Structures are given as structure tokens and as C-alpha cells.
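In the two complexes that follow, subunit A is the common piece, with subunit B as its partner first and subunit C second.
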Partner chain A sequence: MITKEATPAAPAAERAAPAPPHPAKRHRPAWDEVPRWQIYLPLGVYLVFTLIPFYWILLFSLRPAGSTSLVPWPVTFDHFEKVWTERSFGTYFGNSVLVGVATLVMTTLVALAGGYALARFDFRIKRGFMLALLCSQFVPGALLLVPLFEIFANLQMINSLGSVILAETVFQLPLSMILISNFIKNVPYSLEEAAWVDGCGRLRAFRIVVLPLLRPGIIAVGSFAFVHSWNHFLFALMFLNNQSKQTIPVGLNTLMSADSVDLGALAAGGIIAAVPVVIVFAFIQKWLITGFSAGAVKG
Partner chain B sequence: MKNSMRSSTGRRRVPAAVALGAVLALTATACGDDGSGSGGSGGAEGSGKGKITFWDNNGGVRTDIWKEIIADFEKANPDIDVEYVGIASTEYQSKVDTAIQGGGLPDVGGVGAAMLAGFAAQDALEPLDDRLAGSPLDGRLNEDMVESLKAAGGGDGTLYSVPTSANNGVLYYRTDLFEKAGLKEPSTWDAFYEAAEKLTDAGANKFGYTIRGGAGSIAQALDAMYGQSGITSFWNADGKQTTVNDPKNVEALEKYAALYKKVTPAADLNNDFTKMVAQWDSGTIGMLNHNLGSFQDHVKAFGEDKFRGIPQPAGPGGKRVQVSNPVDGLGVFKNSKNKEAAWKFIEFALSHEENSKFNRSAGQVPANLEAAEDAWISESEPTKLAAQALTDGSTTIVQLPYYLPDWNTISKADNEPNFQKVLLGKMSAKEFLDTVAEQLNEAQAEWDEQKG
Partner chain C sequence: MAQAAAVAKPPAPARRRRASATPRRLPYLLIAPAGLLMLGFIAYPVISVFYYSLQEYNPTKPWRNGFAGFDNFVRIFTDDAVFWDTLVFSAKWVFVEVGLQLLFGLALALIVNQSFVGRGLGRAMVFSPWAVSGVLTSAIWVLLYNSQTGITRYLADLGIGSYGTSWLSDTSTVFPAAVVADLWRGVPFFAILILADLQSVSKDLYEAAEVDGAGRIKQFWHITLPHLKDAIILSTLLRAVWEFNNVDLLYTLTGGGPAGETTTLPLYIANTSVDAHDFGYASALTTVAFVILLFCSIVYLRLSKFGGENK
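Up next, the complex of A and B:
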């Protein structure tokens, strides 16, 4: 059972000073000593390889059906109009936003609570619990499909977005809790203690003192939960039947029939599916990198 | 500092007990079988009124036409509501399999020949022989298609799915490129090989043919093999040994696989139908083997006057042999609580007018005999020729063993990588076909044993 607090991490000053560089170690050129082409050429090649598929999708989505031109000219938005209205992507988009945002909120809230418990308390099965969290990452969602389907069917949640949100949240939680707990471990315990001395309760101290310091971690966990649930196909396919409830990945899949595929519509659907993820990453990339690297190397 | 979580044992036990109780309750409800899961036992004839659910096995592109048919049905049967669920063809089997195990099957759904054996083996489908015998549809459906679905249903001759339409292999070729090169229609295999070679100018990125090397490659290779060898049955006389590795088929496959990279793009190695069709529609390839389903894609790419779709080339002695394409159909799921209404929907969807409407949209051959006589068939040349090939006796159809539960695995996951090795010259055609034959013979023996 829960008996004692975890020992706060040792202050950085107490750690051993880094060893001096080995005298025989080869001199590494500084950034400004490296010829620019040695940096930009490989990056450029990599960029071209990365961008060509995106250009291809953009090309198919913007050029008229039947065109074989390598530039999207004359530009047409017919494919976008078709998928958005005729193929119900407007509805799918709304559903995906709802699933993504709800998963983000639920995952973040529960991961904060669970991560705090893992970081600040010692309890008898803590190590086993952490191990179980890690092991749960090895279980593919497809393996649990039938039991989950039965549970949701018995709870009358089949064909409800709630089932997808719940399943996505549950699958996101283990990794999110581990990440958040590492972030919390890096926040000095003395800060919380100072807040308690000033009259705060544990919850208020967490909200006022710890939470603002967890911003990179919250953004990392939240964006990961959003993007994963946005792209995830299996649960939405299996738990949702009604077309008005389906999400973007399932909608994309229905653009390919058994014998025929409308590549223009498929490309336009792909762009619609990708844009929110690109926007999310563009806004949060700074915090995301900080968040993942901090969570990875500390704790 | 004392930890605030260090409270009395009693205080900690209460939430733990509540949590444990909730988990047990959830588990109990999850395990409680109401008869809706695994196979079918909880169904009922129902009142023939109320709501039924229909799962479309090729949702997306067919959604609009099904919604139109459903609207007609609801107008004709105001006391029945049909909920339409469109499911992509690639995911249909896994969705139905999950629902068979976990519950939540629809009342009626698309059940094509390729999936029929699996669903029937799980006892998920309602036998429909008696219903069809007592229906106005009796005698008005294409008998070959009915027999094909009976044969695919597990071997006891029971009808689990009523045919809606048939597909057929088509050789599409670019009339403008043929005319320019002074080539005649590729109606024989010799003409096909000659055209493939003459239309190829690899340096200019022009190719005579595009071969299917990725997903779905085996069915297409079988079509080419049996078409050239002229062998008309998939099994030999005693029905225990497949003819797949007959020396004539081996020779045919060697010739066919040798086309790869000689008259086809190198990228064909990973061609599934999507890439193959997209590649042909890009305009620099002379011929393509696919089925009726992609006709509209080619019309969008070229217009109707730059290409034709004809049945597979004729083989030795002018005899045309093709392998069967899966017949599509509709089945009633055994767990349906309203089988009467589900059957009414099937009857309606297969009526002359509705079946004609559906197949005109899908570009396939109607199962309803009156619908197959409608004027639109003769306006769509590939469909007309395919319908003729299937009905006028000019073509022998080699029935593939869709009834074998292992057929999908053998013809896809198990052997598609080996076919790629054949194309690359890393495996001989004989070695490949011997492997396939061994697996098929084993599957057939197992199936015979199970049948008793």
C-alpha cells in the first residue's frame, strides 16, 4: 500500500562533474567550419524524398480527372468539393475533431493524475504496475478487438463516438502516464512543499506550482493523443456503423472500392486528413521536441 | 512530511472495492452472451415490419446507388426502415468476422463468393433455398450465378447468398495506339503477345502491357494460364488433384511471367489493382487485364473512343477459357430478429428494375435475367461482351475453389510473394505452381475429409 514519498531527484549541483575530454579524441569541426554543402546537400536530398509523395498527392487532388500533367494546372477544387459534400467528409471531419479533442482532454487529465501518483508516491506494487504499463504497449489493439466489441455492445456503446474515445484514451494512457510521471519527477519536490507551507492543499499546489512547469510534457502527451486518435482506423471501423458517426480514416478507406478507385477524390481526402495534423505539429513542434527529449532522458 | 495519501486502511479499501466491483460487473456483462455473438442462434422471423440493418460489402462508391434502392424500397414498404452501413470492401470480412464473434451482425449484407465459405463455416448465414423457391424471383435469376454461389457456400449445395451481379475478366486495350502501330485487336493470345512487344519502347517510357505483381496477382496469373493452356477444369477427373501445375499451365505461366520488364514497367512488381489501373490510365501503356469494375475509371481517363474492353484472348483452336470472378450477392444473417423484412429487401433489390439500376451503376452483369436484357447493357460494350461470354457458351469458365476455407490464404498471402520471385526470375514457374498445387491438394483433401 502507499506508505511513503518518493525521494526527490538529487540536485544537479551534487552530480559528478563531466570528465574532461580525452586528449587523443579527434577534433570535431564546429558548425561554422563545416562546408555548407555537406549539410544542405543530404538535407536537400532527404527533403526531396519526403516532399515528392506530398507533391504527388497535391497534384492528384488539384488537377482535373483524367489529366496526366505533372503540374496542377488548370487548378480544380472539384475533388475537394466532391469528397467534402458528396462523400460526407465534412461529417467525418467533425467526428474526427470530436474524437481527437475528447481523447486529448481525457488522456491528458488521467495521465496527469496517474503520472503524479507514479512520480510522488511509493506503493507496494509500483514496480509491477510500471511494468504492466510498459507491457500493455506490446499488445496490439486488434488482439483486443472482440472483447472490446463485446464490452461496448453490452454497454450499448456500439455506434457511439464514446466507444472510440474511450478505447483510444485507454490505449494512449500507459505511455502518457509514464511520460508525465517523468516530467513530474523533474519538478523539485521542494516547490510543492513550499506551497503547502504557504497553505495550499496538494491539489492546489499541483495546479499552481507543478502544472505550469509541465507545459512541454502536457503538449507532448496531448498532441500525441490527438494525432494518434486522428489517424487511428481500427476502432472507428469496428465500433461505428452509421455513416454519420464515421471518422476520416474510415471515410478515406471507402474511397477505394473493390475494383475501382477515384484517385483525385482519394488525394483530396488525404489532404483533408493531413492538414490538421500538419497544423498541430507546426504550432507545437518547439514544445514537442523539448517534451519528448526531456521525458526520454530524465527520471 | 507525512504523505496525505497515507490514510486509514478502511478509507483506502472503499474505493478499491468499488473499482474491483465495477471491473467484475463489466466483465460479467461482457461475458454474458445474449446469443448475438458467435455464429447464429438468436435470430427470429420477426413481423416483417420495423427496422433492418444492411451492410454493403463495397461501401463508398456504391453508397449512392444503394441509398437510391433503399429509398425505393422504403417507399414501396413504408412499414420497414433500412439502415445502410457502407463498409470498404477491403475491411468487410474482418468487420463481419468480429461481429460474428462479438455480436452486432446486421440483418442483411453483401455476401460475395469469395467470403461465403468463411461466413457459412461460422454458421452465420441463413439458408435461402426455401425462400427463393417460394419467391417471385424463382427462375428469374441467372442459374449459373446461383449455382456458383451454392458451390461457394461450403459444398453442401445450400444457397446462403442470392446473386446480384457477376464480374468478368476484361482485356482493355488502347485502340488509338493499336491503330497507330497497325496492330489488330488482341483477340488471340498470339495477337496479345505480338502487340505487347510492338507497343513497347522502354526508352520512351512506353510499354505494351502492365502486369499485376502485387496484391491480387495470382488470380490474374491463373486467368492468363488457363486462357493459354485451354484447360477447362481446376481439378482433374477424380477431383483430388488440381490442374494448376499441369505442364501446359507451367509453360503458359513461363511465357506470361517473361513479359515482366520486357514489355512492362519494372514498377509492376508491386502492382495491386489500384496502381495497375492508375498506371494504365496515365496513358503510355497499351493493354491492361482487369475486370468490369474499372471501366468508368478508363472512361474518365481517355473518353470512350480511345480504348475497348474485350473478354480475354482466345486460346488454342479459338477456344476461350477464363477463370471465374467471384459472383456478388446478398445474404440474410442468422441472428437477424427480422428475417422476413430482410428477405423482402433482398427480393426488392433483385427485382428487374432495381437490379438493373444497381448493375448499370456498378458496370456489372445483372443476375436478374430481365435486367440482363435491358438496353443499357448493349450500350456498355465491355459489359455486353462479358455478359455474352458468361451466357452464350463461347467461353468456358474455370470455377476457382472459393468453397475452400483456405482459398483466400493460398491465393493471396501464401503465394503472392512467390509470384514476385517468379517475375524476378528467382523462382521457376514450375516450382511456384508445384507449391501452389501441393497446398491446394492438401486443402481439398482436408475439405473432403470434413465433408465426410
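Up next, the complex of A and C:
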């Protein structure tokens, strides 16, 4: 389709280029001519749908229990105090941070090593390995809970955060590795070769030449790993029985499955769960778009 | 260390150094950590699921454990109405969710790809639910849907509906209620991936089309959509697999209820293994789910001609 449309049109564009009597047409291409209301109206409607739930949980977390006011006034922080201490969200928060950061570091390091091999070398089991990476996308972690539980029981890792970190890392790896190898492929090999000629070893050349160029990709992959492990709850639910070891999503689930749900506490717990990822996300959002467009799409 | 020694030898030609810096073992060493982790924690569990699917295995009834041949599979296809119900519901859930998420995600991506005042902030806000977990999504929508102080109360104040309505416990409203909750979180996923792919559409094509007098709708159909095709196929497939497998949201939002109305196949499997401890049967169900998923994915990629004529 593209070629069919483009072939007759391209010469036309070239013909138009040297003669500038229609500057308006050349300088205001179609994608800039959308009437403003066609942007702001649907965007506004969608924003209402996006933001009401956020407002709702904020409202419930800040207004006193039993209030039906639609504005959080008078403001109370009782729910936060209660959930942080009485419902041990302080402990959960620490555990979640530990799991998130450890998963981020492990995923990024292992994916960098594997991704580099996939991008730069031809080796015998490469095709098979790539196929395994793709196939693993169809393996649902949730359906492997029982055998995974048995493995961690054998390793005596039940009730240790290590089990969750390992499981999260493993299920995060395939996609991360594919993404990273695509990013590395986008860095010209000749840059590395030039560094070797200048006397760098392979590792040093990688660190000095390739790594800085991989920044958007590493940010995308790392934040993905962090957010995913911060949010995921089945592994923590299954492998951590001890309350002092549990993570925030499990804590939220406990609050929700109580016989009479304490809505204020649930809302405050939800805010605590949301704040770190929303902040991370707001910062990396720009990198994410460039990261994905460079890595994900080019097979 | 060997490399450091090589560096110290100044006259050594670059080609020789390069060969020495690339031992044949290196790629294997580099993929070893990932490979070992995946062997131990994905491949081995998958194989043990296949193995258990041929076993009668229930830790609470150890006297009956042992080789069962294809008994579990026969039971699934001939004697398990819940399996068929949950399979149908899974299909419905995946189809509706992925379809609607794609539609809204595409529209959203096209909108925030325009340049307008406040674009950065607008993008950050509409994408933000993507970062929210399934459990947190449930928590938020439990607050919105609860019968005492949820949305319905304020709607009733305005004269719409009646007080005390609980959308999540009514079999006629639970499906749309759950769909909307999952849409809230799922639409940004498509919007982000499609927006990323939109960055690589050549602007020249639009200019050329403009010169040819093609309107915006024509440009969308003939330039934007063909360009996005592969990204759309891949993201819908990934999302469909993900929506099929993911149990976080429904597990915490509805628990599969009311009356099993929103139980997906994976949720049924989780209940069978975790609550009923019927590991053998759950493994057989997992195997069936896996085969169905693989089969549908291959058919989908074939039918959609992924990576086809455009490349």
C-alpha cells in the first residue's frame, strides 16, 4: 500500500520543493491542521474517565470514615497512619521496594549480557534460544504456581523475598532481553571496533561506547521490570506466608478480602501503592516512548 | 586479565587482538545466566506440569496418587461443564477487552501524537493508569462500585438508578463493570505502543499525500494504518495472551463471582490447584490452556499475515 501511494506522489513533492509559491501548503502539513476542538474534546472526555478513579481513591483516603462529601474536607490523615502502622504497610512498603529494586538490577544485568550476545554474535544455539524466548511469552506464570512453589520449597526459599525476586526476574527476562538486543543492534558495530583499535578490551569498549547510547533502552527495560515486580502479586501471595515478608499488593488484597472492607484504609493503602510507580512513570514517560520505538518495533 | 596483557603488547595488530578478545565461548557465557534461570524456573516447571497432567496427584489424598494416563484429559472434555463455561468466558473476556483496548488506544495515540499545548502533561495523565497494578485497579474500582458510598449513590442522588445498587454482585452488570475497570488500565498499554510506532512514520509520506490532495481520513487508511499493521498485530497478540493469563484483576475484583459468572479458565485452574489441591487435574487443565493459546496464536499470526507484504 505504502509503495503504491508513495511512488506517484514522491516526484510531485520534489517538483513542489524548488518552487516555493505555496509556502503555506508546504509548511503546514496535514497532521498540524487538526482543529483544536477535535483534540481537546475527546482528550478531555478521556481524561475525565482516567482521572475520576484517581480522584475517588484520593477522596476516600483523605475524608473521615463515613463521610459522603465529594470534596476531601476536612482533611484527615488517620487512614494513612492506621494503614502504615496497624496494617503493616510500612513493612510491606520496604519489602516491595527491596523486591522492585533487586528485580530491576538483576533483570537489567542479565538481560544486558544475554542481549549483547544475541545482538553481536552468531552462535550455534542462537535460533533455538530466540525461539525459546518467544515461546516463553506464552507460558503463564500464574499456571506454573504449583511447580514453582515446589522448587522454592526444595531450595528452602519459601518465605524469603529471594523467591519472589527470582521468579519476577525470570518472567521479566525474555522480553527485556529481546528489547535490549534490539537496542544494541541499533548501535553501529563499527563504533565498538574503533574502540578496540584504540586499545580497549571488549568490556571496556562496551562500557564506554555502547552503554551511554543504550540509556533510553535501559531506562525503559529497568523501569518496566521495577513497575512490573512492584505491581505483581501472585508470586508474593503464594511464596510468602509470613506477614512480615509480604508486599504491598498482597496487603491490598488482604484489606479487600476482609469481611467488612475498611474503605478509608483501602484507599490510603492504594495511594501508598500508587505513588512510587506513578512518580517513576511520570519521570520516564518520555524515555519510554523513544525506548519502545527504537527497540520494540524493529524486529 | 588476558585482555589486559594483550593491551600491553603495543605492536600487536588490531585484527589479532580482536580475535583474542572474542573467544568462542563468550556468547555462551553471556547467555548462560539467562539460559540457566529460564531452564530452572520456566522450562522445568512447564515439563513438570506436563508430567503431572498424566498423574493423579493430590497431596490431601495421597493414597490415590499415581499414573493416570489420559484420565484427566478425558474428564476435562467429557465430564467438566465448568471447563467449557470458563473457556467460553475467557474467550469473551479476551475478545472484548483486546478489541476495545485497541480501539480506544489507537484513538488516544493518534490524538496525543498531534502537537498541541499541554501535550506532555496530557500524555502523562492519560498513560498513568498503565503503571497501576491489577490489585490496585481492583481496589480503586471496589471503591467506585461499592453500594454504600460508590458512584451509584451519587447517581441515585441525581435520580439515576436506585440506592444500594452493587454492580459487582449482580450477574447482569458484573461483566460490563469488570470490563470497564480493566479497560481503564489496559487502554494506555496500546496507546503507548502505538504512539511509539507512530514516531517512525515518515513525514514525507504525509506531505506527498497532501500534495496529491488526500484528506486526513484517506491518509489514515493508506499511510498510518499500513505502517502500524505489524505493531498492531504483535501488540494485540501479546495483550490477548496477557489478558487470557492474567488473573490479578478478576481474582481480586470479583473473585470469579458472582456465581462463577466471571471465572476465566486460569482462575478456575488456580482455584483447582490452590484451593482443591487437585494438582494433577489442574496440570491437565494448564496443558489444555497452553495448547489452545499456542494454536490460537499461530492461527492469528497466519491469518493476519504478520510481517507480510509491507516489509
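Here is the rule we go by: the second predicted complex is superposed on the first by the 263 of 299 C-alpha atoms of A that agree within 3 Å, B and C clash if a C-alpha of one lies under 4 Å from a C-alpha of the other, contacts with A are read in each partner's own complex, and residues count from 1 in each chain.
To be clear about the criterion, a residue touches a chain if its C-beta (ideal position, glycine included) is under 8 Å from a C-beta of that chain, and two chains touch if they have at least 3 such contacts.
In this text the structure is predicted, and so the values were computed from the model without any measurement.
In the model built by aligning both structures on subunit A, subunit B clashes with subunit C. Which of subunit B and subunit C touches more residues of subunit A: that partner is C.
Of the two partner chains placed by the overlay, only subunit B lies in contact with A:241; subunit C stays clear of it. Of the two partner chains, subunit B is the only one touched by A:154; subunit C is not.
When the two structures are aligned on the shared chain, A:136 is found in touch with subunit C, with no touch to subunit B. When the two structures are aligned on the shared chain, A:260 is found in touch with subunit B, with no touch to subunit C. Annotation: subunit C segment clashing with subunit B after superposition, chosen from 97-105, 169-177 or 241-249, is 169-177. Within subunit A, the residues touching subunit B in one complex and subunit C in the other are 1-2, 5, 68, 121, 145-147, 150-151, 193, 196, 202, 238, 253, 255-257, 261, 263.
Those residues of subunit A lying in contact with subunit C across their complex are 1-2, 5-6, 8-10, 12-13, 16, 25-26, 29-34, 36, 39-40, 42-43, 46-47, 49-54, 56-57, 60, 68, 70, 110-111, 113-114, 116-118, 120-121, 123, 126, 129, 132, 136-148, 150-151, 166-167, 169-171, 173-174, 177, 193, 196-197, 199, 201-203, 227, 230-234, 238, 249, 252-253, 255-257, 261, 263, 266-267, 269-270, 273-274, 277-278, 280-282, 285-286, 288-293, 296-297, 299.
Those residues of subunit A that touch subunit B in the complex are listed here as 1-5, 65-66, 68, 86-87, 121, 145-147, 149-151, 153-155, 158, 193, 196, 202, 237-238, 241-243, 250, 253-263.
Only residues 3-4, 6-7, 14, 17-18, 21-22, 24, 26-28, 30-31, 33-35, 37-38, 40-46, 48-49, 52, 104, 107-108, 111-116, 120, 122-136, 138-144, 146, 149, 153-154, 184, 192-193, 195-197, 199-200, 203-212, 214-216, 219, 222-223, 226-227, 230-231, 238, 241, 244-248, 252, 266, 269-270, 273-274, 279, 282-283, 286, 289-290, 293-294, 297, 307, 310 of subunit C touch subunit A when the two sit together in their complex.
Across the complex, subunit B meets subunit A through its residues 1, 3-6, 9, 12, 26, 29-32, 36-37, 53, 55, 58-64, 83-91, 95, 98-99, 101-104, 167, 273-274, 277-278, 281-283, 290-294, 296-297, 300-302.
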